[in-house]
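Structures are listed in the sections that come next.
Both complexes below contain chain A, partnered by chain B and then by chain C.
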Partner chain A sequence: MLSFLSARENGTHRPSALSRAEATRRIFSLELSKDRDVQRIHDSGVNTLDIDPVEGRYLLSGGTEGVIVICDLECRPQENYTCPSVCTIGRSSRHVHKYSVDTVQWYSHDTGLFTSSSMDKTLKVWDTNALKPADVFRFETIVYDHNMSSVATKHCLIAVGTIHSQVVLCDLKSGSSTHVLRGHKASVLSVKWSPRDEFLLASGSRDSKIMLWDVRRAKSCLSILDQHNGEKGKGSTEAVNTAHNGHVNGLSFTSDGLYLVSFGTDDRLRLWDTMSGKNTLVNYGKVDNVSRKGSKFTVSYGGSPDVAFVPMGSNIAVFDIYTGEYVATLIGHYNNVNCCTFHPLYQELYSAGNDSNILIWEPELGQKTDVAEKKDNKQSSSTVGNAVQDTWSDED
Partner chain B sequence: MKRSKRIVPDVFKKKRKVVVSAGLQSDWGCDQDSILSNLALPNDTKVALDYVKSLLHVEVFEFRIPTIIFKHQIYSIVHNKTTVDRQLEELKEKKVIKMFKLGIAVDEFCIVFTDDYKQHVKRQEPDNKTIDKFLDTVVDRCPDVSLTKSTMINEFCFTDEEITHLVSAGLLTVRDVGSWWLAIPGAGIFMKTFVKGRQSLLRTIRKCKYQEILQKNLEEKKLAAVKKLGMNFHILDIIGAELVKKIQTTSGCLLRLNE
Partner chain C sequence: MTRRKRVICVWFISMSSTLDHTVCVTLAGLVEELTTSGSQTLDKEKIKKIKNICRTSDAYVEHVFDLVMKQLDKEHSEVRLSAFQITNELFMRSHKFRELLVDDFQTFLELTVETDHEQPLPPPKISAKMLREKTLEAVQIWNEKYGKAYKKLALGYNFLKHCKKIDFNDIHARTVVERQREEERQTKQRTILLEKANAAIKEIEETMPDIEQCLTQSDNCFQLLLPHPDEYDILTPDTENTQGINTASSSQQTGSNLMVEKCQNDNTDIAHQKKETSNVNCEVVKPCNKDDDGNDIQNLEKGIVEYSGKLTNGTAQIEQKNKFNTSHAKGGNNDDEAEDKEEQEEKEEEDEDGDDDDDEEEEDFEDVSNTEATSMLQDHGMVAWNYNLSIEVNPDAIHIKEDEDNTDILQTLYDMQRLAMTKYHPQIQKWLEILSKAGVAIDMVKKLIDIKQALESIKEKTNDLRIQRKPREIIRGDSDSDSDEDFEDVPEKEGYEPRIPDHLRKEYGLDCDDSNSLSQKTKSQDDELQDPTSRAASVAHFKEKLSELQDKLKNKEIDSFHERDPEPSTSQSPSKKRKAELLSRAPKVPYGLDLYYWDRPEDIVAPKIVRPESQHRFWVPVENDEIVLEGMKDMVTERAIQFSGKFEPVKWKCRAPLMNGKLCERQDRYKCPFHGSIIPRDTEGTPAKQEDIEKEERRKAQVASTSEWRDTELMKDIETATGIDLGSASTRGKGKGKGKGKGKKKKYPNLTDIKKQSNTSRRRLEKKVMNKNALSRVAGSLDAFDSKRYKEKFGNNFNYAYTS
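Moving on, here comes the complex of A and B:
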């Protein structure tokens, strides 16, 4: 690292080279945090997590009982720190969701607003300070997933995936659903906006297809992603033009928006090139998929190469995105892991599952905190003493 | 001390790659270009294919089958699956190997060297004009796993009669109305022995305490169903198909059954 620091000083390397190298090293050494954890408020499983994109300070979590909790992640440098919960929308609140909350998301520009969608067929837009819903969108069927674009300046659309095969676009400004994207033939399990293009939307459904939409066009569907890239020979005839050989469970764009990672119930991860819509044919091997609803996996940010953190039963499997190599398994949960989210600034992973725990995975680089050493100072100074000093007792 | 041995990519470029200049090799008195021509060096997948081929002894089947290698066996030798896939595609384009779809699972493929395949087909049915025509046109020119009726009739000029003849000879298997998989004639006996051997091996591991066994103990066991194809062949198969997990321990390599 010192060579990189001096190279940055004299201009041989770009400043981003050092930050990328160190971020990659940290991402590849994630371990369960020994000092920090998150206060346990949920009584039942946690379905979804989101970290606010503005400061990276607040963690929003939604549980299977409809409870929504906000925790403050700001770390105090002391041993055994528990991130406290700032506020909770519990079972006693008047506006709480009736059934399980499947997706929560912070508003991308400030923490005054967040959205949550639930099995009680509603999508609620909450005012964080008042903890009351500013708006409620009601649907005819269970809402599986919703997503708001993080780079949008020209629209405030929330894409919603329900049991209905149509993707509904709800507008925050007008308070009603503006239009509907038709194309899928079964429930839509996962929707994601591209972080690169504010009008590009990807949706994955139970009919094994992933569709890319441009919401500006009348016939919005840009393309249906095909796992065989047009070659009919490889699979059976039913598998033609499908993205997976099972339901498409999870979608995640890489941070630059150039690639889309998809997870399916056929136990496969696929990497798609967003610009051409082709399957890059990276082979990740068999990745056990236990979830029959959406699986909220995540892709790291700031490293090269980036890795995907995929919940596999009670563990989280880490794969290098571009080569498909298996990096590690993060073992720590007692029950199925439902969601993971990556903290972009500190290269930490937050994961939660049916055991109601939110675990923090931090980079383990072999560095000890200074606080611990100060406490043992008296004992250590005698052992780590003067090099010339001998250890013979003075009494003899 | 880190308990888990994870391979972190060399981000700070601590290890310098050794670059050997071409000039150094010339004092051996040979032509520089011939030694260092990359085309002559086989890639990892090709070496793996040759190794697996050496494990299988076709004499056991009285030469009724060519040497069949499964794609997932290569995954257990070369660890990066994407590299294996890419190199297999390259070899397919160069017509060195041919890939066939075997089994019910969607992505189970087997690989046969093109020369072996041609030899085997000629041995099965010598002096048959349709088959020779098939070998010269389709096998040589088309790297696909399956064929449709339109391709057969238009591109390769086969008549319906000839197609029926090929199906009865076992070179084509019906997939759908108007499309066929390419197949290996007489591969039935291979598949039967292979499936039996695989089941027997998995049953042995399942019977062990904790459903795991050291690889050297497994190799010492004498199983009748495994004898024909060889223990090494089957072990590569179950590791590659992810039915079993390979764990390095201080007593050697451990194979644990995946649930």
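Moving on, here comes the complex of A and C:
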């Protein structure tokens, strides 16, 4: 780190190099947070998390009971700090989702608005301050996933993947669905806007295909990603190009939008080049995928090799996305992990699962010494210190 | 993955000289001993040793952790319980251990609290439950103590508390799953009960008309047999008055119930008179049976059998008359023994018209003789003021007797009763059970109970009627019994009725005299014999002759025997005597082929097989000779003798002590193939005689000495070196092999054997039936059977000749 600092001072490195190096270091040393907690509101499993992109302060979470909770993550230098919930749309609320909330997302430019979609066939656009839905889109079928572009300036579309094979685009401006993108043969489990191109949309479906769409061209998709890159192998005698040998239930763009990571029920992760639509053929090995709905994995932001955090049963597997190398397993949940989301500012990971916990994973970097120092200061009084001590009794 | 890493890490550390190999071995031994002890508490000494070792270095703690986790993974709850107890001890002590365990807390919980429903706790159920409870308790304590320092511990505790819904205050610590299971079971049961109840209700609705019909039928039967007193009130006060005294005399005509009523009326009358004159002493003896619920039938049916009026003060004529009456009544009783209203009425009306006339005559006579009495009679229905009426009612002697008039009614009544008691009653009982269990349709239950009572009352009523069935029934058994014979055999028995009442004889086409058909038959036979022309007579004649002849022959034989073979002891020569003796001893065998050739063995010819000459035109077998079977020659002289002695089963056992502590169960007659000749032994298996004990010891010593020089190890070495089997395996090696097997079994003798618990009768049977040999044998025999049948069916067909 010191060398980076001096190099930066000398001007031999670009300023971003230092931050990148530090971010990478932090990302690779994630551990279960010892000091921080998220207040426990959800009684049942948590399906989805989102951190607001404006301040990085509010954590939005949707549970299987239809409850939506917003927590304040602002950290205070304190030993056991529980992030309090700011507001809750609980079961008592009139506007609460009837069934399990599958996806929540903040509006990318303002925390005054967020969207949530649920198994009760609705997509709600919420006014955060009033905690009332500003608009409700109703669908004929269950909504699996929805996504709003984080970079869009020219449109205000929400892509919605439902149990029907088409992807519906809802326009917030008009309050109605404008487009329908047809192409998939089965229900769409995951939709993601590219963070690079505001019109580029990726959708993953149960027909094991991933399609890239340019929403300006509603007629047909841009490309269908093929896991074999057009080479007709033994397994790809069919005419259609498939991305996975099972359902595609997770999609995530890298932060620069150049790559797309997909996760399928064939227990594989694949990395796609979004420019060429080619499979980069990175081998991540077998990654257990227990989810049969969408699996909301995430990709880190700002590291020099970025990593993917993939829910794998009750653990979270960490992979280097470019080399496919296994980095670590984060063990902490007691039941299946449903989603993880990466905090881009502090390089923290938030994960939630069926055990209704929201866990914070933070970089473990030498803070131990600080704690130890503190402990030395108040050795006698600290209960934690006592707890950590060995207590071999002399009578033995 | 992490586990493996840690193992490697531990291994690495141990390599890096912080771990002493011997200490590790002792640790492993201690952990194994502790976990396989099978006891519910840990040995304090051993755990202390472990603690002492762990105290020296964290590396040892890691090593112990790995050992313990390995034991926790064993598929045996007792092992897991002990392992958990070690964990608990160390968790309280070592920070390092806590860190390690908390890192692996998910697995720990899975192995101890079965958080994963797909991995239930292993078999011994009691210890599994105990393990669960103890772990939950411990987790709670740990969380209180260390929850703040170890995040994942707190998370785990919360997880148990919130997600698995474990109520930590609940001692039994039942999970939601268990509770759900129980609820499900209960709901299932309830639904089953409800279904049953619904089916029962349906059934009830279907059969209810039948039952009701049965009830009404039997009610009607009772009505016909014994009208209800309400309907029976024929006598009005007017008729009573006009009939006057003669009612008393003609009581046997009008029937018992009338009589009773009459008596009652008399009684009231008398009481009435008593008020006026207070001169009359009246005594009415009327034994009443207790009857249930206003059921007056008994009252009626216990009619008067004997009626005896006793005049204390009155004219001789009246006395006479009364005597006449009583005698008459007795006569009536003699006729029928019992009196029943209807039948009696109807029947006797015909029979006793003459009696009526007599009565009337008497009445006239009475009237003439006693005008005062007549006026009294007219006024009060009494002959005179001053006599005592003592009426004895004998309930025991009264029965309803079966005759051709009421036999149908009785038959139906019995049918109904049987139907009610054998079919409907148990059925209703069953329904009641089902309905009350399900707790539905309470009014239905009430109705059912009513019907049940009604059915029971049918039985009671029939019992109370004391129906005297026809004699054949009585012979057969108690007519009340529900046995089938009562009803099935009725028509069959018609012919065997030994005694037919005189008045019925005509109907049966019989003469009035007492001789039955059997005697008639013999009589006719006698008649035939008298007739010399008949066949019977000639047969009898020949028989006679034959018997005479036989007698003669017998006498002759005896005479000749005495002549030929008189008493040998007294008067015969010694040679003859010897011969007789030999003869008496000589065996007697049935005649056979060997006896045929016995005195001329040179005549024995070997049996031959004669081949029939070939009928073929040109294909002739080479040898067309007879085949002489020389070997068969001996067969002719031989004789198979069957064992004529009596087989006596062996009553004793070998009872030599066996290795397993039991006694040898073999039942050999003289010698046990394993333990030598059989000698008397006591219950312990030691020989009873001193010499036998010595012998046994000698033998043992011999065995020991023979095996001593054969050092097994040495033998084995030699065997492996030379490759020749020297028999070490057969003698000692075998024993050792056995020991090995036993050792494996008894590796942890204190643990509950999980496999043993599955040793049910079903399992044992399975072992026998599903045995490979047995299966193949059965399959083989079935195949053979099939092929045989196939051959029988198709063997002659040309088409199939080559297929099989």
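Assume the second predicted complex is superposed on the first by the 360 of 396 C-alpha atoms of A that agree within 3 Å, B and C clash if a C-alpha of one lies under 4 Å from a C-alpha of the other, contacts with A are read in each partner's own complex, and residues count from 1 in each chain.
By our rule, a residue touches a chain if its C-beta (ideal position, glycine included) is under 8 Å from a C-beta of that chain, and two chains touch if they have at least 3 such contacts.
Worth saying up front: this structure is predicted, and the values here are computed from it rather than measured.
Asker: Count the residues of chain A touched by chain B and by chain C, then name the partner with the higher count.
Answerer: B
Asker: I'd like to know which partner A:Tyr81 touches here: chain B for first, chain C for second, both or neither.
Answerer: After superposition on chain A, A:Tyr81 lies in contact with neither partner.
Asker: May I ask you to decide whether A:Asn245 touches chain B, chain C, both, or neither, giving the answer as first, second, both or neither?
Answerer: Only chain B is touched by A:Asn245; chain C is not.
Asker: State whether A:Ser356 touches chain B only (first), chain C only (second), both chains, or neither.
Answerer: In the superposition, A:Ser356 touches chain C alone.
Asker: Once the shared chain is lined up, is A:Phe199 touching chain B (first), chain C (second), both, or neither of them?
Answerer: A:Phe199: touches no partner chain.
Asker: Touch test for A:Tyr99: chain B only (first), chain C only (second), both, or neither?
Answerer: Neither partner.
Asker: Going by the contact rule at the top, pick out the chain A residues touching chain C in the complex.
Answerer: Result: residues 32-34, 40, 43, 80, 314, 329, 331-332, 334-335, 354-357, 359, 383-384, 387-393, 396 of chain A touch chain C.
Asker: Which residues of chain B touch chain A once you look at their complex with the stated criterion?
Answerer: On the chain B side, the touching residues are 2, 4, 6-9, 11-13, 75, 79-86, 101, 106-107, 144-146, 148, 175-176, 179, 242.
Asker: Along chain A, where are the residues that touch chain B in the complex?
Answerer: Touch list, chain A to chain B: 1, 3-4, 20-22, 24-25, 28-29, 31, 231-237, 239, 245, 266, 281-286, 305, 323-325, 327-328, 364, 366.
Asker: So in the complex, which bits of chain C are touching chain A?
Answerer: Where chain C meets chain A, its residues are 1-2, 48, 51-52, 55, 92-96, 103, 106, 109, 115, 145-146, 148-152, 155-156, 158-159, 162-163.
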